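Next come two complexes built around subunit A: one with subunit B, the other with subunit C.
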Partner chain A sequence: MSVEWTKNAAGRLVPSELNGEKQIPYMGVGKYKPKGRKYGPTITSNADFPNDGNKLLKDLKTALQKAGLKDGMTISTHHHLRNGDFLANQIFDIAKEMGVKNLRWFPSAAFPIHKHLIQYLEDGTIHHIEGSMNGPLGKFVSEGKMKGAGMLRSHGGRYQAVQDGEVKIDIAVISAPTADSFGNANGLYGPSASGLLGFALADSQYAEKVIVVTDNLVDFPCIPWQIQGNYVDFTVKVEKLGNSEEIISGTTQITKSPDRLFLAELTAKFCDAAGIIKDGFSFQSGAGGTSLAVGEFFKEIMIKKAIKARFARGGSNKYLVSMLEEGLVDYILDGQTFDLDGVRSMSENPGHTWTSPFTSYNYHSKGNFAGMVDVVILGATEVDLDFNANVVTHSDGYLLHGIGGWQNCLFSKTVILPIPLFRDRIPVIKDRVTTLCGPGELIDVIITERGIAINPLRKDLIDKVKNSGLPVKSIEELYEEAIKICGKPEEPVLGEKVIAGIKWVDGTLIDVVREVRT
Partner chain B sequence: MLNNYTAGNKGQKVRSDCFVTLALTEKGGLIIDIQSKVKALYGQRIKDLAEEILNYFGILNAHIVIEDEGALDFVLAARIESAIKQAVNTDLEFLLPFKPVNDFKPVKERERFSRLYLPGNSPAMMLNAGIHKPNAIILDLEDSVAPDKKHEAGLLVRNALREVNFFGAERMVRINQIPQGLKDLSYIIPHNVNLILLPKCEKPEDISTLEKEIEKLKVKHNVSNDICLMPIIESALGVENAFTIAKSSKNIVGLAIGLEDYTADLGVQRTQPAWESFYARTRIVNACKAAGIQAIDSVFSDVADMEGLKETIKVSKSLGFEGMGCIHPRQIGVIHEGYAPNEAEIEKAEKIVNAFIIAGEMGLGVVSLGTKMIDPPVVKRAQKIIDLALKLNLTDKNWRNKYVG
Partner chain C sequence: MSVEWTKNAAGRLVPSELNGEKQIPYMGVGKYKPKGRKYGPTITSNADFPNDGNKLLKDLKTALQKAGLKDGMTISTHHHLRNGDFLANQIFDIAKEMGVKNLRWFPSAAFPIHKHLIQYLEDGTIHHIEGSMNGPLGKFVSEGKMKGAGMLRSHGGRYQAVQDGEVKIDIAVISAPTADSFGNANGLYGPSASGLLGFALADSQYAEKVIVVTDNLVDFPCIPWQIQGNYVDFTVKVEKLGNSEEIISGTTQITKSPDRLFLAELTAKFCDAAGIIKDGFSFQSGAGGTSLAVGEFFKEIMIKKAIKARFARGGSNKYLVSMLEEGLVDYILDGQTFDLDGVRSMSENPGHTWTSPFTSYNYHSKGNFAGMVDVVILGATEVDLDFNANVVTHSDGYLLHGIGGWQNCLFSKTVILPIPLFRDRIPVIKDRVTTLCGPGELIDVIITERGIAINPLRKDLIDKVKNSGLPVKSIEELYEEAIKICGKPEEPVLGEKVIAGIKWVDGTLIDVVREVRT
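And then the complex of A and B:
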């Protein structure tokens, strides 16, 4: 079957297949509705599991062998331990030792520590990666050195792909900071505590084989069971799951960068002027420098107005926890915990609850939390004149970031991207984004240090801030201003080879990334 | 062996800057080697610019390496020119077009609550300085620039004055102390510098020496508008001469005090309550008021301590200072709030002026408010506060409606 290229609904050329798998071109927001049934793994029988519930094996290698590790399989891991994760590297060390080839690695995200795996991409142990590729892995892939093409999905899109059977996981290996021998597990306690295990939920439910690995084995029952042992085939106890210093930061610090603080303050002022910050509202802001500071400015405004928020969604940290503890927020719906205060709060405060990509983000579901949020503050590497945005590649074509929950959050009631007008001379507003990750119709406001552009579709917002004195400009004006300062950039010349596909939240292909010529 | 001439900055923390290494060669034409993180997007443009500048200075054979961290054209040009000027003797200057936004007539009478210091050899901090809306920016050629970097900083400051939009902030430059500072003037006088800060000023003769040189350059470059001066008093002798310095030129709009050097001169520690400089500060305020100019306080150097800054401003304002320097944009808001008239002050001033107007209408010789008699100087001061409040949009121009039906 020859690959055909079609223009999808966003005007991007996409192939009919990638890595030999059929692709559906993006059709527009909410347009693609799959038929059929969800994926189901093989039925199992308790007769094949120890009646006393003890599924403990002597080591990871034994577990992988028992799980039937062989050529061409899909192996999934999760990024709860972030850059402190030892497990993913160990899995492929074992695969290499066993002489297994052409594996598909399906992480919820990769970190710089996983540059260790580049050797296995080179020698064919790993065929390709489907998941975010940061730093060194992203560079390797961008330069066209990976055998297959990568596939990038949002957190919600990953759940959707597993649920819908687009990605069939053969073996899921779950790093569990605390677990019992039955496989019940949580991320709250132990030397590698990281908060929650939401990213592994789909894998536990849908993978053929599930291995739980822990360095903090407790007697049954492991409470709470964020992962239920009833899904788990094998458990393994190891000395150390990861490097605790890199798993979670001891304490989160608000940025000191005056420019980022300025952006954050302007964002909060905008939200206030637009009437978004009112009693009972909800918000989500990420852990990035600017987003974190936005939360602090929200807090100031809330105290001044004597109001509180009903809930905050997203990653938790000490600043969000302090808002919960001071009664400024009723609930934190936590997607991933970023510091020790977050972990502590989740384990002791009933108002601080863990969520998963299923509850928050899955688009093939019966609704999710992301759409209920009043305002979400996100980042982007590029935005274009149609408000389309890119979060994965840089303007020179390098694929250096994952999508995370970004695409899913675009369904919030108001989506705001505070971004500098230019970074190191490179304008952030382009006539056309290098890679399309989010359609402009879902992106409402671009806030830069030199002006605020509101999507013309949001007439309500334009009206609300009309007399606020805020520096509202058209996105074209901002674009021109950046060019005036930086000069017009040349078009980088990219190669023909597709190095990765970008999935929309419904599993359709919204864009592809091409190799960088070095 | 070839001589290498270098300019600029490199290293992990360096952004929006570049490091240029130039070697003149005998033959082989121009070899331009660009190592840049923005090469895919601006590589050709950087190369073209380098070529244009080398040609401009008549250099036909050279090897130039540009290690770039996203420098804008005005930075690249300053660095390349600086390397060239170490290699060849020339009076030529490579000037990029003067941005129209920077071509405005300076205003002498204006608030100077905040003046944001920007190290003269660090372009990254200059780019967005204006968005934080300080009353003034200070491109510093003195303490923040290493002695062997003065020339390249001069070129960068020159280019910044022509290129960077400071969004209406008063464009100040702190030159080096006299006599070295006189050499700094040619970098700035032709490029619409609004105010020159003269550090370690001790006597009126410093000002006349400075003004003579400024006048010469103004004639040479056909500059017609006045250039304001703000001497910085940083020594015991300077404090003693404060009034004569203040009166030494009509272009002096204020005196600033520099407490780090002043306390060093006294041989004492600089403390937070600042009793050691109490005399100097009050003396300077008095000299300024006597001369009819602004009194400007020293910077507050702990950028993390906003409460300390607030307290310091409270005292500063109560002594009669009308502004202070700042070293971090986050200080600007606190400084503006601190020095501007507050609500209680405005309200009191309005009541006084209102009482004065009513007394005038009723033909009363004596103005009183409640049980208190109000003297004319009190009315005058109150009127000043209202004028400032109006200018800063802190009260409405129809404020009297609150008091009369």
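And then the complex of A and C:
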């Protein structure tokens, strides 16, 4: 089958196949209608599992062998243990030892600790990675050194791909901070506590074989069961799942940078002027320094107005927890926990609820939570004059970030990107983004230190802030200002080789990333 | 296709099809190995659902129309509202009004309040019922008056049938004591609080269209979400879901009958003598008067021994809640809540955990909770000399009870049936049970007021109670004793017509029920 290239609805050239798998070009927001049925995992019988529920095996190698690990399989892991995760590296050490080749690694995200796996990408143990490849792995892949092409999906897109059978997981290995021998598991307790385990949900439900690995084995029942043992084939007890200092930060910190604080304050002022901060509203902002600061400015405004939010979505941290505990938000709908206060709160506060990519983000569903959020604060590496944005590559072409929940959050009622006008003297607003991750029609406001650009599609917002005194400009004005200061940046030199595909939330291909010529 | 009859592994004649659907004869415990894949529901897109998550329609009729209600469809409901449920009757009132015919009603159980539906069984609105048909519906069906044959499944078997695609639900209508407009729902709060909603889980996950109906609409997010709105198509607000007095009893009561108290005490003494009541053990007993009393005798023994149980499974009630709150059990794994104390405890005690037929009972899984329970106390209408038991028909042939979780619980480590030796002068131990529901190899002990019979397969139990002074006899001795007192009972006069099939936990046909000649 020869690969054909077509221009998708966003004007990006995309191939008809990648890694030998057929691709559907992006058709526009909400335009692609899936056909067919969700993936049906193999029906199993209790008769093939121990009647007393004890599925404990002596070690991970035994479990991988019993799961039938062999050439060409897809092995999934999740990233709740972040840069403290020991397990993914161990899996592929064992695969190497067993002489297994051409595996597809399907993590929900990879971290710098996984640079250990570069040797296995080089020697053919791993064929390619589908999942975000932050840092060293991103650099390796960007330079064209991975055999297959990577595939980047949003958190919701990953669930969608598994649910729809686009990615069939042969073996899911779930790092579980607490578990019983039946396989019920949670992330709330134990030396490797990570908060929740939602990123492993799809893997548990749809993988052919599921292995739960824990360093905190408790008697049945492990409660709560964020992962249900009824989906689990084997359990394994290990000494140490990960490095707790890198799993979760002891504490998250608000930015001290005056520039970022300025952006954060401007963002909060904009939301206030636009009438978004009102009683019963909802918001989502990340755990980065600027986002945390936005939350704190929201808090000030809410206290002044004597109002509360109905819910806050997103990763939890001590600032959000304090808002919950002070009664300023009714609920935290938590997707991943960023600090110890988040973990504590999740086990203590009934209003601190764990969510999953299924409930929050899956687009091939009957709705998800993202659309119910009044305002979401996100980042971007680049934005173009049509508000299209990039979140995975830098302007030098290097693929250094994952999509995370970013694409999914674009469905919130108002999407705001507080970004500096330039970074290292490279303008952030460009003629054309290096990689397209999010269509401009879903991005409403760009907030920079030199002015605010509102997407012309959002006439309502433009009207609302008209007399607010806020520095509203057109995106073209901001673009010109940056060029005036930095000059027009050179385009990166990219090769022909496609090193990764970028999926839209519906499984269509919105863009590809090409290798960087070094 | 002509129907063929074969003797299944339990020696019962079963047909090759029922209601035009192919049947697999029961092959023995754990012998039938399913092939194929779980049912894959249609993939949906968020693009077809309101972006703000508000799926509220003006009434149930509109929702049924939008769901495409038409002739021959399968409509499912659940029974958490028990005899207080208004909804099932309303659905078929609307179907009748719309002139829709030949529906299959697939409730998790029917109650006397649903005798309202007999008119629709007569006029062809409903073709047949698959689900337990307690009381008046059971009588109607027993007399051969339903067009199709009924199909009885255990709670776990119902989940299995839906999961495996044996029963395809067109429209699930979920009675939700609390819900938001997105469809997140729970049974914990509101005027129609029922505790949990686990019996509707499979329906929400696998039905083509899902309607959530509530009389207690709350702002998003409805927390906890026992049913996830991501599976829900439409939501409806009604004035009143049901009659709260019949949904849940104000209080459950232990039997005052001296005969039953004697049976309960004997059961507890047996468990103690057999070494079952030890620190960290687990048990399940129902909410009937005798079962409650067994729990209270367990409690006395536990206090005397200064031990506690790890968990108690099954329906919750004030007695079980008191054990939880006094620290005598670590966890209640609750399948349905029987009284107001149960509902209160579930919302207050983290150790009071809700389960579902998926986690507790599904046999086409990777294990379930039933096998992990040390001892389960169950009832039966009849038992034979091989310990085979009946739980659905009376000795006069009438089908008056559902299977409930009974078959699923047989997988517990020790299964005890405390039953009177005779009821209304009809012996309970028979040569042959009227309807076979559970294979004798899974039933360990029969406890009657005139002696205890232990299944010869359980040599370990026989040894353990050898010198206990307990009145252990052979089942044949008990059988003879009953006949000596009551005389040999007459067999009921049954017709040829099959009025219902009885499924085993793996979807095979273990027996059929024939009409009663009146």
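By definition in this document, the second predicted complex is superposed on the first by the 518 of 518 C-alpha atoms of A that agree within 3 Å, B and C clash if a C-alpha of one lies under 4 Å from a C-alpha of the other, contacts with A are read in each partner's own complex, and residues count from 1 in each chain.
Following the convention adopted for this analysis, a contact is a pair of C-beta atoms (placed from the backbone, for glycine too) under 8 Å apart; a residue touches a chain by one contact, two chains touch by 3 or more.
Everything quoted here is computed from the prediction, not taken from an experiment.
Of the two partner chains placed by superposition, only subunit B is touched by A:397; subunit C is not. In the superposition on chain A, contact is made by A:333 with subunit C only, not with subunit B. Once chain A of one complex is fitted onto chain A of the other, the partner contacts of A:99 are absent, as it touches neither subunit B nor subunit C. Within the superposed three-chain model, A:20 lies out of touch with both subunit B and subunit C [touch as defined at top]. By the document's definition of touching, neither partner reaches A:469: not subunit B, not subunit C. By the touch criterion defined above, A:490 reaches subunit B but does not reach subunit C. Once the two complexes are laid over each other on the shared chain, residue contacts for A:232 go to subunit C alone; subunit B is not touched. More residues of subunit A are in touch with C than with the other of subunit B and subunit C. Counting contacts as defined above, no subunit A residue meets subunit B in one complex and subunit C in the other. Listing the residues of subunit C that touch subunit A in their complex gives 29-53, 55, 163-165, 182-183, 210, 219-221, 223-225, 228-233, 280, 310-311, 331, 333, 350-351, 353, 358-359, 362-369, 371-372, 411, 413, 506. Taken in their complex, subunit A has these residues touching subunit B: 258-259, 261-262, 395-397, 423-426, 449-450, 485-487, 489-490, 492-493, 516.
Residue ranges on subunit B touching subunit A, taken from their complex, read 15-16, 37-45, 69-73, 127-128, 131-132, 328-330.
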